[in-house]
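Chains: A, B, C, D and E, in written order; residue numbering restarts at 1 for each.
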């Protein structure tokens, strides 16, 4: 597999990483229909943990079977597939080598009363299951944020030493953050920046709104030269700034269930703003497979268009 | 011992496990009167820890002696025997090789003021005692759920590396769950799914009622194609869906003390719904031994009938 | 030293233990005047930690010197001597091999505001000091009960691997237990049973009263065939049932300071009920040595009488 | 590189350290325009973590790129560059050997609700990234102060064994300290002294005000011969006393954004009081690069003037 | 160095310790002007941590320099010098072998809101710095007492294995203890006894008052034969009883700043009661050096007088 110039450039951003980690990043960046473009679309299936099985899979019961998701990701030509331990264990041998996998190593659920997650997988699990990366969620702003960051530090250090990549889901929440704040532009940028500072290779945040939440930040956004934030593309561009001036891969979640049109529209904004891609679950596996493949094909097409 | 086609099929679901763990799963699946059928009946004796010795054993004082339970399980031709450390230590040598044992490695008691358990056994204990599996209880929804899941992660990882199987008791409880919720269909399915995601080989839940507890889940159960949940068999079928579309072994507890008829009736529902079997304690060892053997024989007969 | 039939029988109960642990149990069971009978009297000196030095030793100032207690136990022909780290360190070399010692590895004190203990000794300490066993207190029912059980699990696992025996002081207390409950029959039996389940070789509880504390247990004690609990011997018999139907060694503390007659009377009840012996501190070392030796001689005589 | 007499003298203060640590201290002391003088100016870039990316870098968007800061520090001829994990990872290879780096191994953020920090880097990280030192913040007076000091103890012990230097940011805050107290002279001196007692090689505190905060300390400052504290230089001199009578390197943070004049003025006070230098972030990287270089040049000139 | 009969006798009390630990105890007991007498005077300098640098050292600014204290202890012919990590690091090489040092491995400060200390040094630190012992403070009665005792257990076990001695500062405080209780005779005796039980070689307590604090203890002190507690010598004698009947070394702190006469007077009481010596900081290093040497000379003279 000959790496493209763009992928080589992206790998050069991760100059402190060992060849093993670079190889795993390259596997993700060279996989599927977007292979070589520097863009990526990832299928995440942690909805069962977060919302329960029926809310996740009853709309499309074939998706109860963990093999369904491997096949969906492979058929759609995606870049990687991310899921918790049991889901990966259930297909890791059958689909070994067929698509890069990301082991999601912490998880929450709808029964929880705290803004925390349980660590439910390890680097050893990722290695024995042939994964290319671990995935970890932090909740910046939560009462548990420091513990979560320290868990991430331990897992990330171990992952990097073992030649794995580290994907960080950075979702702000906590006593100082209301619903608006959780997706406010300043808060999303802050969350993305902290993930970068914590050593993430790939950063996942939600697409930000126009809101500015922290009083201390408002002045800055009024006075300083930030991109046009009335457009999604401008806000995405600001997020990429926050990711080391564009020198870290950043992908955006698909958000709540939406129409195919709205999802493709969002991908266009991400693309235009220089984001690296989408990580999109519910909106694909809850649709009948053919619909999902069509939607993913449309999204991929957006990202394949020239920069 | 020649494995049956059905057992080979079940083992194939656990494609990421090492031969040691597969062998131990096979030992349980090939043991006793249901050996080879893919169904199983397990005798669990953790009542002494949970409710105290007199409430557990005074109705049938022979059961104070740990050897009684080994013998009951062996004579009844069951699939495995599960108990806490002391109970297993007290018979592990005498009955070595006579029946697969499951070391229950965490325990609560009636004096507790928290929805948590103490970790009371280790993988090393299980190995030195010749056990085939460890058993672990989680309380999804409890304030301690994340700690419990993390304890399970550590023990399960160690168990799998040592070639043991992992049995998870998944009993929802906590501040967001009232008594009805603890056995509600959506909550049981959620609990079973989380156990699967956490890497359990065998999942134990309570037989669910028709109740749907989470508001966010109600819409799903109204709109989506789920099995007929007015029947136990339909509810069991939904639970098996939640266990990776039927690709994880799921067994159901016998519940509170009941009549022999009601217990056999429940087994019929579990059988019809595609559940893998029963895990039944109080309802057997609190009866005189001959009555218990008769009841277990009837339950086994239900599961032996053709699918 | 030729083991008696009775000691061999008792050792057979501990079928999962390694020869090292069996040898240490045998050392205790073959020691002193009761050697070989299957009965035992142990001298525990943790009063200094629990109540302070003056309350413990001022009545008999010779007892301030740690050597006093070694000598008392040896002269009285007792089975073993149990004490915290400093007390054992202060005589372990002088009296090496003269009497089996039990290192008490956790301790509380009268200044404490919580129902917990500090772990104050280790298995390594016990080994370097030539001890035959470790001793550990749990408070079933306390807010700290699970932590204490987990500490016991770790220490007991390590002790067993190193060929030591494990003695568990099981003293119920906590928010759900009033003073009456702490020595109620059902609670004492429960406490003894939990110690057995946690893997104790020797269980120490307080002599129970007639009270039944847990509502859920009252029905059981009314309906089921339990021994005559109006007599101490009947209550002791029930406790031995709770200790795996009599297949674990159980000894009883001497309780508050009493008359020599009342203490001997209690030993008679323990003996008649099939208890294995007494563990008696304050009532011996707070008396002048000659009185203490006379009292211990009388207690030993009770246990030496035929079963 | 021939060490100056002054640098040799400073190294002699650290008489318990191994040659590796001394070499790294020497690297910092011999680097840049102040090399050999015993004075130093350090560029710290942890503002992104503490205040968010936009508040830190939007005033000078080139600073979003981690390479900017390496280059600023190198071009300005500074002594060292300090930053959290991700920032160092992003340039460690490109600028390997070009300037000593200090890995800031704990971090807080503006979303936090507690006076604590997350440990976000390790000694292993520092070693693989070629750093000369680790940096660690303590909050003396915080409810978390003992945990922070214990984290520091572990990291510092490991760092020293690995031949790294240890830089401690000592920022008093907590329930007993109001805003005035946080920079009061007695409190700053106390904070600096504790850092020295904890084994820091380089101590960073804020420039103190004239306030005396602790009642118990007021008498001392009235009665005892302390330097003239109405002048910054006198207060700085008192801080150097608190740092083992001037036998530990102590540097002062630049504080809130200020005019170039005020910053240079402060450096003069530090210089006159015998402080070892400045650690100055916001006031440099938020200015256009040429302005920043001019300001840093002026600061360096202050420290280069004869003592 | 030929050990005296008295030192040999004292070493014999520590019969469980390895030769390394005995050698370090001997080094302290044979050092300085009291070498060989079985009495000792130790210089502790943790005031900087506990009260801050100005309150500690401003009265005698030469004492800001850590070397001052090494020299004071050496010139005064004391038995040992005790201080936290940074203070020892700053002179350990210069004064290597010149006086036994005790590394104080935990520390509190005046900004703290809890009755706890941070562990700020390790056994490895003590070894690399050539110390003869570690020093550790416990607060019996504090909400943190069990954690502190467990930290001590770990450090003491490690220290003893490495041939170091263990010095325990036992200072009662906590919710059940008012100011009077903290130095009450029964509480001081209890604190000293607990330190002995925890395995301390040298015990440091405050000189007790006549108060008896615990109600449960009052009866004992009225009824039982305790020394005449109206005299300091009688109270000291009771403390030595509590230290294993005089078979553990016990030293007494000097207390708040006092006149030279009062301090010498106190030493006379300690000496008369059979205490092993004084550990005296503030009252020496806050005086001009010549005064301090005179005072220490007077104290030493008290202890040198025949028993």
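Quick notes on this structure:
Everything that follows uses one rule, which is that a residue touches a chain if its C-beta (ideal position, glycine included) is under 8 Å from a C-beta of that chain, and two chains touch if they have at least 3 such contacts.
The chain list, named the UniProt way, goes like this: A, B, C, D, E = fructose-bisphosphate aldolase.
Worth saying up front: this structure is predicted, and the values here are computed from it rather than measured.
Under half of the residue numbers found at the subunit B and subunit C interface occur in both copies, marking it as a different-residue contact.
The two copies, subunit D and subunit E, are related by a rotation of 70°, based on C-alpha atoms and rounded to the nearest 5. Rounded to a whole number, the gap between the C-alpha centres of subunit A and subunit E is 58 angstrom.
Centre-to-centre separation between subunit B and subunit E, using Cα means, comes to 58 Å. One simple way to say how far apart two chains are is to compare their mean CA positions; for subunit A and subunit B this gives 36 Å. Across the assembly, subunit E contributes no residue that touches 2 or more other chains.
If touching chains are joined by edges, the resulting network of the protein chains shown is one closed cycle, each chain touching exactly two neighbours. One closed ring of touching chains is present, and its order from subunit C going to subunit E first is C, E, D, A, B.
On the side of subunit C, the complex with subunit B involves touching residues 13-17, 140-141, 143, 145-147, 149-150, 153, 157, 172, 174-177, 186-187, 189-190, 192-194, 196-200, 214, 216-217, 220-221, 223-226, 238, 241-242, 244-245, 247-248. If you check the complex, the residues on subunit B that touch subunit C are 48-49, 51-55, 57-59, 61, 64-66, 84-94, 107, 109-114, 116-122, 124-125, 128-129.
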